[in-house]
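This is the structure I want to talk about, given as structure tokens.
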């Protein structure tokens, strides 16, 4: 029977046409098995095919269920599990293999944020409870922010009183954004945050942006510095603060001297914190922002989105260079320096230019 | 009206005054199933057998069945549902609201060394607060001596449901003479090694080294309960079960 | 409504440990059903089934109605399963739980989709008049294995049922009341019955029939298969849960067939017993009627 | 033409419910289950007493307004005799499942009957009280209920106790009464057209039926043979049923 | 009912769409199709087309939707209030335009509910839910076009979306259908991956396995068939699942390799060879 009717192929990358996705490569990760898969072709050897590299693929990627090793000298790390009989370490996520001494783990291609102590995160208050807030940080569980872990107006050493408990909503209420540090982890992976430093606290005067978490596929990576200040080229004192939350939440705001997360670089001592915890720390009112500043904030946002869309990591270096490149591009194009659009082809050009360097 | 036969009462019945024990000087003690309507009327609220104890000057209605309602001093077996800052939330019967067990109400428990009970763990406890307007409270330690006296977490074993009546009989000081339950003694006499805990809330916990022993004890208790076995029948049942397994 | 109560950790551990030694809490063999009992009512199409502490009541009723427009030659056949708080306080009226939906789907597939009842025979005047047969299922007491027990009760009630006799002369359709003519049985094609297997252990290698409520709460997965005594599978469902070796499932299917044959014989016997009982009643009624005259 | 079958009952026969009873009388069979006191949903919670929830389910078809009406009648009656103050912020659930209702042999049954709501009420109430007694929930009293119809009879009319389905259909008016064991009237529902005089007669008949003079334990047998009333003495029936149950429960005493 | 399949098949040994008995339809799949979701996938099995998005694991606020849920209970531990692990909530929306009869299916549809429950219970058993206590993994599936093997397509799409979301699992759950050309005779050929027309006429079952093993996650048979033929159908469906498994793994691998090429992910350590050296 030589007759095999093939179905016509659909146009490639239908789902990405609108977002100007790179369409010349097989970018949607799809695979077309041309024609029909004959059953006879798959010899039924169930065990060997589970082994990594057993089929001569490029060995960079492991998928769930693949046996990484049957050698019992290795220890299993994240992204793997073991089977007792016969002993084997098996991948549980799709990703790349990481070896740390005798520890085998799989770095997932993408995953939701998993909190670690010391992470700088941006969160949104979802619930106010008696003595604590519950904060969405994009993890599998809501994080907690105890009332005792924030600076209250009137100095760092001040005792928390019952009045503070009653007034808890005057500090943070539902929907407020904040930047904080992961202080502690519970057994179930839930994080406890604190904002006891001048560089943490409520966010205002800016713009929120969420990119998918760490791992791969673009997104924020843990770096030496998560918060920095950009010089917004044209006006000398026009500066923009960028906070890259390790959890993939990003805050871009107008720079205010001596306030906000970017003050990290200024490095205020404990004593200064005490003095400067003023009332406006918990203000939800934006300052006046000049239209030029707003435009540059929007430009930074465009840069970050372009970076994410084209699978490039987001860190201080890429954002800074990307921003400068975007300013150049806008200047170079005929459309004038006010052009902010960085979608589609322009975004691709931007990222290519960054990679080219 | 002769007093030798059992006196069965229904809710709202009038009680023959001659049946009420009247020892001068001693206050009359009212047990379950009776309601006192001032100034001096006694009315049953459940269907059961009117029972009196002239020595203790007490009167109550004996009955079996229904749902357990916590009373102070009862020994109960509960299941931990969850733990919060200071309490374990414990269920005594299905579908009722939780009882509270303070995390410090254990022998030797301090803020640092409080027991860690996971959801689903069993505890043997005493009801120390029962009040219609509040959730019942439990304790696993005697407040007077600070000793556990056998109360606390129950590890391993199996939990069996029995009727409230049988639970009461098993908990009687002379369960054979007064309660006419002989299964446990018989099983012990037959050479089985096991431990039990009986909750007034209709739960019996049985533990043993051997799974089979637990099963025999459990089945013997449940069958005694369901089939209303007399002492002789219980003895027969135990012999039969032991034969079946060996 | 209060949440369904969950077994304690001790019970979880012990039940599984005992099963690993091949022992069940109530002393049954792994493939043993609890004691079955079936009572028919004085009226036709009423079945009251007890399986251990599980008790199911099924009632069949019939009325004349108009057929669905897209199926003018078919009668209407529905099975209603609404679990009331009588089965468990965690069931709420008018808010179907997962248990209820799964039960109703399995009965639908086992009894209705397998064409156990010839719906064409329910047609009286095509496109205008047909019988609507309705089975109402009530769970009076829930101690596990609702599916097998319900299926048995539904099939028993339907086979026991008699619908009023009818006749058509020209254009006129006459429906006789029970007093006028003895009602007639339904056109029943085959009797499909369910057998549910519950699996225990991490590898799901312990297989148990007729699980009670506690066992159902602790099983890692289940497989329900429906057969008629002719050896036809009417439905099979393993809906998720821990994975089971394919060979184990095939073996379950074979065991289920034996069990279904056994249950069918039992059901046939019960129906014969009941008809004998009724016949006696019928004779008595005739005699007493004669006496009155 | 009264149905003279003796009442029958099974007590505490559903192993999973706190209290249960099956009651058959005058062609009706009802299964009742009681659960309580159990956790109540916030919206139904009462701060000073237990909420009483009554669910009536028909044998065939889904419950509708007819069942809701019966539920509200039974609920308000039971609330009076259950000591609801003993269990604030809880729920007492009474589920009444109709198993058999008498069918009129001369009419082809419809699944949803348009006929009167009331005839089944006594059977439901009687089942509810037996289930409550089985559940050992505290009560102030028990109750007894009966149904009567005024049926036209050769120009005059007749009061019929426990009428059949056919008699209900032919009746001018239909009445249901319930009395507590303290001989207090706790429920009176009537439908149809009747005069005050007729109602008084029916009431008197129902009273004598439900509230027989207290009997001493010596002449139980004489009581049953009493020709005074056509129907069974349900109050006595309730007592003897419970006595049997208690004696069997307390066999060890 | 016109028995196209069974009348034509014995003549040419070809099915209505020209396939042989053991041919799967064209399987096309893509992962990461929706940027906003934690994981997403689009999958076609012939003309059956479904989309899946995953949200979570995240802590859900009390409000519960119409979705069916299952809690993974691994190793018998757990009990109590959601201590067992993450809940897997599945919601299926069948587009009114997805089939020829354009029938609207309400939220109360029990068949959809059964599919939801089946998927959530199957996935809960494959996922390592114990890593995420008190959270919810929510899957939203949209059926765009129906042409048979719907449950299989839904499960395969869910698998890809969950892999994309980076949620750990024991192996890839995969599913396929298998049927018989006629229920009556014992000599008939079995078929794999049935389309809607074949499903209407022939007895068939849907089988889901965990990876390319013979361990069955889901078995759904809704038509009458002789008991003796069950084994043939299960065997064939299990083999078909192995092919599907291979394809899905390829989809994931390609996606990953592409990301490594683009530099979004660091290259992984190489395996077997250099491990031996380490030893």
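What to note about this one:
As written, the chains take the letters A, B, C, D and E, and residue 1 is the first residue of each chain.
The rule is simple: contacts are C-beta pairs under 8 Å (C-beta built on N, C-alpha and C of every residue); 3 or more make two chains touch, one makes a residue touch a chain.
Model, not experiment: these values are computed from the prediction.
Counting steps between touching chains, the shortest path from chain B to chain C takes 1. The count of contacting C-beta pairs peaks for the chain pair A-E.
Compared with chain D, the chain whose C-alpha mean position is the greatest distance off is A. Note: the chain lying farthest from chain B is A, by mean C-alpha position. Taking each chain's centre as the mean of its C-alpha atoms, chain D lies 55 Å from chain E. Between chain A and chain E, the centres computed from C-alpha atoms are 30 Å apart.
Mean C-alpha positions place chain B and chain E at a centre distance of 52 Å.
Annotation for chain D: residues touching 2 or more other chains are 35, 38-39.
Within chain B, contacts with two or more other chains are made by residues 95-96, 118, 120.
Looking at chain C, residues 2, 6-9, 12-13, 89 sit in touch with two or more other chains.
Residue ranges of chain E in contact with chain C, taken from their complex: 68, 70, 73, 75-77, 79-80, 110-111, 113-114, 117-125, 205, 209-210, 213-228, 230-231, 234-235, 238.
Within the complex formed with chain D, the residues of chain B that make contact are 1, 6, 8, 10-13, 33, 35, 43, 45-49, 62-67, 69, 95-97, 132-133, 165, 169, 179-181, 228, 230. Within the complex formed with chain B, the residues of chain C that make contact are 2, 5-15, 17-18, 21, 23, 25-27, 89-90. Here chain E touches chain A in the complex through residues 12-14, 17-20, 22-33, 35, 38-39, 42, 44, 46, 56-59, 61, 86, 128, 131-135, 163-172, 192, 210-214, 239-240, 242-243, 246-247, 249-260, 262-272, 275, 279, going by the rule given at the top.
Residue ranges of chain A in contact with chain E, taken from their complex: 1, 3-7, 10, 15-16, 19, 25-33, 35-40, 42, 44, 46, 49-50, 52-53, 57-66, 68-69, 71, 73-74, 79, 81, 90, 92-99, 106-112, 126-127, 139-142, 188-189, 212, 215-218, 309-313, 355.
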